[in-house]
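Consider the two complexes below, in which chain A is the common component and chain B and chain C are the respective partners.
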Partner chain A sequence: MTDPLLSIRGLELAFDTFDGPYHAIGGVTLDLRPGEALGLVGETGCGKSVLTRAAFGLLPSPPARIVAGSVKLAGRELVGLPERDLRSIRGAEVAMIFQDPMTYLNPVFRVGTQLVDAIRAQSKGRIRKAEAKDIALAMLEKVHLPNPERQFRAYPHELSGGMRQRVLIAMALAAKPRLLIADEPTTALDVTIQAQILRLMGELVEDMGLTMIMISHDLGVVAQVCSRVAVMYAGQIVEDAPVERIFDAPSHPYTRGLLKALPHPFKPADSLASIPGSLPDLLHPPTGCRFAPRCPHAGPACVSGPVPFADLAPGHRAACRLHLEGGVLGGTGALAETA
Partner chain B sequence: MLELDDLRIHFPLASGEVVKAVDGVTLKLAAGETVGLVGESGSGKSTIGKAALGLIPATSGAIRAGGEDVVGASAATLRRLRSRAQIIFQDPHASLNPRMTISRSVAEGLILNTPLRGRALRERVAELLARVGLPEQFLNRFPHELSGGQKQRACIARALALDPEVLVLDEPTSALDVSVQAQILTFLKELQAARPSMTSLFISHNLAVVRFLCQRVAVMYLGRIVEEGPVAEVFENPRHPYTRALLAAAPAPEANPRAKGPRVDYVELTGDIPSPVNTPPGCAFHTRCPVARKGICDVDRPADLDVGPRHRAACHFARDLEAA
Partner chain C sequence: MSRLILKRLALTALMLLGLAVVTFTVANIAPGDPARLAAGPDATQEMVERIRVERGLDQPLPLRFAYYVSDLLTGDLGTSVYTGRPVAEDMATFLPATLELVLFAITLAIVFGIPLGVAAAVRQNKASDHLIRLIAVSGVALPMFWLGLMLQWYLALELDLFPLRGRLGVFSDVPPTITGMYTVDALLAGRLDTFAEALRHMLLPALALSLPALAAIIRVNRAEMLEVLGRDYVVNARAQGIGPGRIIGAYALKNAILPTLAMIGLRFGWMLGGTVLVEGVFDFPGIGLYAAKAAVSSDFEPIMAVTLALGAAFMLTNLVIDLLYAALDPRVRAQI
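Coming up: the complex of A and B.
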């Protein structure tokens, strides 16, 4: 097994508020190997965006504060690294793209100017302007932007949403980063355009060997591109598995709840299961399993203390007591009955 | 119950150009039906929803809602219509007055249209809110004290207060998380059973949600309906190339379809949606269509072809496209 490219160990992050610390991330451990495409999935407020931003020092402190844990990129510890060093990692080694491509392009500069600037900045000025332009055009070609020479001279408002997202992907990948973080990259796009961008991202993962974390609230979107899915709830990873197993053998009650709440375009259903209750208040997170207050299977053991992960299959772990006590108090079988 | 007849809604621009948001739409909803209106941004689906209640003036054509002619209606007629036709919007936060308590927002329509006052009014409001799953403690709260799902429930309670015959739902769950969406969809499904005569127009870009809730579906592209029919029929046997592309692009919650090889029916569209200012001539879809033919599709606007029972598609080749 290859060494992980990204290794997060016991990461805890809090936002200091007037009401006390808000425990946005509560102990996340995650390894990402080179070439893996991981989907980070969860509902609003589960911490999926905060986690990736915290890992690369993108959250202003205060109020954000890393309480514990470590984040290593290719063996190098990032927690506690000075901003100067983090800056040189971001862009060159870790690139990010976001939901709303318009917000991340400067409306008063031509697309080409911004690409060239970004490429030169990523290289710390080693690449000259003319060379940067060649790289930019090659990248625009690679992301299948129609008519790259013309779009190079266009202003962002002259491009459609899908084209802007292609430009940002080109910009992000120009420096050949080790890791791409795509935070809801298609959420603002129409479904036929979303399909095009997802196709492109899948291509980049397969052909360029890109390592990627794709953050999304949509399990269907993640399934198009990612080989592995981690489900987050209330600042913790509750399940982490190869994509097939997330859909075919979901093992955490929250993952199961999510899947049963999703309507399917090609499988008519008479009813949807909803998850009762709402997210816990992370100013005062529950001591045990954070999902326990809403869980149909919760028992006294669930609230008594933190729940470790149970290994269910190669690369498949779930943080649920039902599996830990498997064989004794039911385990996978007990949960399977309720599916 | 809700009828649109050759409806056109055009917005003139300062430049002298015209945005053809809705360009000749005919759609009839029978009493008790829930019809889904799907399409991408700029297809005109929300414009239709607003026009159905007289919130946007129509350029030409006719709209009948709850027994009233909406196009060119007087203020008095529109006022009468409001008690029979209601709308629920995507963003519940923007549709509730931040300075009114939830019970006051729900009571507004009742105060304007019924003689209910005092205790009887309060009881009626409490009953409405209880039915959407908001217990009594929410009555005197303000919108900012509620979650998105709770606010959307309040909006639904308000829309149902006057027992409307027509309900327009414009992306009511798009701003909500899936677990909350499931709660709202389940409630709306129960509502269909509880109010069998209420007619609903359900506007959404989410095909899975439409499949769950609607009996019929109309697919829009650039201001026109390209295909319309019973939900199961349209989803399983789509006859318009755009509908096929839309269905193929719908991200189904299933393990990686790419790993299992490309889907046979996968028709990925190239290019972007053209601007509704310069709608392409002929079939508006021909610029992106995988089966378009020169000299036909870029010249003649396709008529609606019957392709099955109550199933029509506006494509020159709708009958030639092999059944899926």
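Coming up: the complex of A and C.
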């Protein structure tokens, strides 16, 4: 097996607040091999964006603080790296595309200026302005933006949402990065544009041989683009599997709940299931499984301590006692005796 | 763009007419008989009546307003009882002095205010941020005339670093009048020593005038920078690997400067009004002092002229600010 391009080990991140540390990420371990397209799914606020931003030093610190763990990009440790070095990695090796194309372009600078700035920064100043402009125009062409010369001179407010997202994709991919992090790139767009952008991204990922993490709360989008899915809940990964296994054999109760909450084209809308309860308070995270308070199967073992991953199939793991020896009741140990 | 300028200039003319109505009305319903004032304390009733007819003061108010406006348009601002000279001549002497002082003061406030605001935002909650905010708070809290007195007492009297009063030393030659601003005229005449002297005379009153504006600019610019630095486009710029210098100095500042500009325009107007206090403290012969002396002697025509001039300056400033807004923000241009 090839060495992972991105390797996250036991990453813990907290935001310091007046009420104490808010444990936004609670021990995430994740490997990404070159060429993989991983979908990172979970409900709003589960830490998907925070995880990827924290890994590359994009969160303001304070209040964000990496408590433990390691993030390695092609073998190079990123945790503890000074901002200067992180900056040379961002853009050049790791590119990001964000959710709302309306707000991620600077309103008072021309599209071309921003593209040229980004391209020159990605090249660490080695590329001259004129050359950067040529690259920018070529990239605008590559993302199928009509009339690149005109869009280059335009201001962001003169472009539609779909066009702006194409500009941001062109900006992110200009330096031919190794890893692309797409943070809900289609959420803010309407459905037809969404399909166009997804097709474009699929095309570019294949074309450029990119490794990608696609963050989404939309399992449909992930199924379309990704080969593997990691499900996050309350700052932890609960299940990680090839995309078809997630749909065919979801193993964590939270994943099953998520899938039940998907609308079905042939069933009436009122049959949509929801997961009762709400997210745990991450100022005081539960010691055991973070999903246990909402889980229909939860037993005493679930709340007694951290839940390790159970390997269910090649490339399929789930952090759930249901699949571990002893089950939710805690097996033959002390708990069974006291019960 | 030129359409906007024309539109705004026409609007400015209308606003000036409105201001003329207000100043004229206030001056004419204020207690005191202008004819008797002009005639002097020993004049007989006959002489007072003759002056009343001569000056058209017996005519109905709307007609007198029409005369007043037509005089204004020909550049006749009336005569000052106090100086005995035409108000237009007085204004030509005193207005450049005040403009020079106020422009210098606002320049100081901008040149120090914007970098300090940016620095405070970038170093939020660190010692330097607290220090800068202390300056900002004291600038808002200290009254201008008191600050002027303290500067005068300490820096001019105690330490003898700066002259106490006036625009130039008693024995210095006034540079040949071109703009009426001593620093500019001295430079044009190539007299560097006179330039330095005029600048030294202006520094303390300008400091007193500029501190409140400096404080306001720091506060607004700091708040705006903090807001803008948290925006999505800054996150994207950082994700592209763009360096902090470019992000703070261009990407964030160009967005944060817009509300700061509005504050600068507002403060410039306040500063014009503040000259009445500060010029009094430093005996600086500008229109603030001129207006104050005229007010004490119920000399209405200079007061009306000064009010109009300050109003016009304020409106012109706002026009310039609006144009700068359009120049900096393409979304504003798109709405024109």
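The working rule: the second predicted complex is superposed on the first by the 320 of 339 C-alpha atoms of A that agree within 3 Å, B and C clash if a C-alpha of one lies under 4 Å from a C-alpha of the other, contacts with A are read in each partner's own complex, and residues count from 1 in each chain.
Please note the rule applied: a residue touches a chain if its C-beta (ideal position, glycine included) is under 8 Å from a C-beta of that chain, and two chains touch if they have at least 3 such contacts.
Treat the numbers as computed from the prediction; the structure is a model and nothing was measured.
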Which superposed partner A:M163 touches (first chain B, second chain C, both, neither): first
Partner chain in contact with A:Q151 - chain B first, chain C second, else both or neither: neither
Touched partner set for A:T192, first chain B, second chain C, both or neither: first
Partner chain in contact with A:A121 - chain B first, chain C second, else both or neither: second
Partner chain in contact with A:S88 - chain B first, chain C second, else both or neither: second
Contacts of A:H217 with chain B and chain C, given as first, second, both or neither: first
When both partners are placed on the shared chain, which of chain B and chain C touches more of chain A: B
Residues of chain A at both interfaces, chain B in one complex, chain C in the other: none
Residues of chain C defined as touching chain A within the complex: 230-233, 235-243, 246, 250-251, 254-255, 328-331, 334
Parts of chain B lying in touch with chain A, wherever the complex brings them together: 40-41, 147, 177-183, 185-186, 189, 205, 207-209, 211-212, 232, 235-236, 245-259, 268-273
Touching residues on chain A, where the partner in the complex is chain C: 56, 58, 60, 87-92, 95-96, 98, 100, 103-109, 114, 117-118, 121-122, 124, 155, 157-158, 168, 171-172
Residues on chain A engaged by chain B in the complex (per definition of touch): 43-44, 146, 160, 162-163, 190-196, 198-199, 202, 217-221, 223-227, 243-244, 246-248, 257-266, 268-269, 271-275, 278
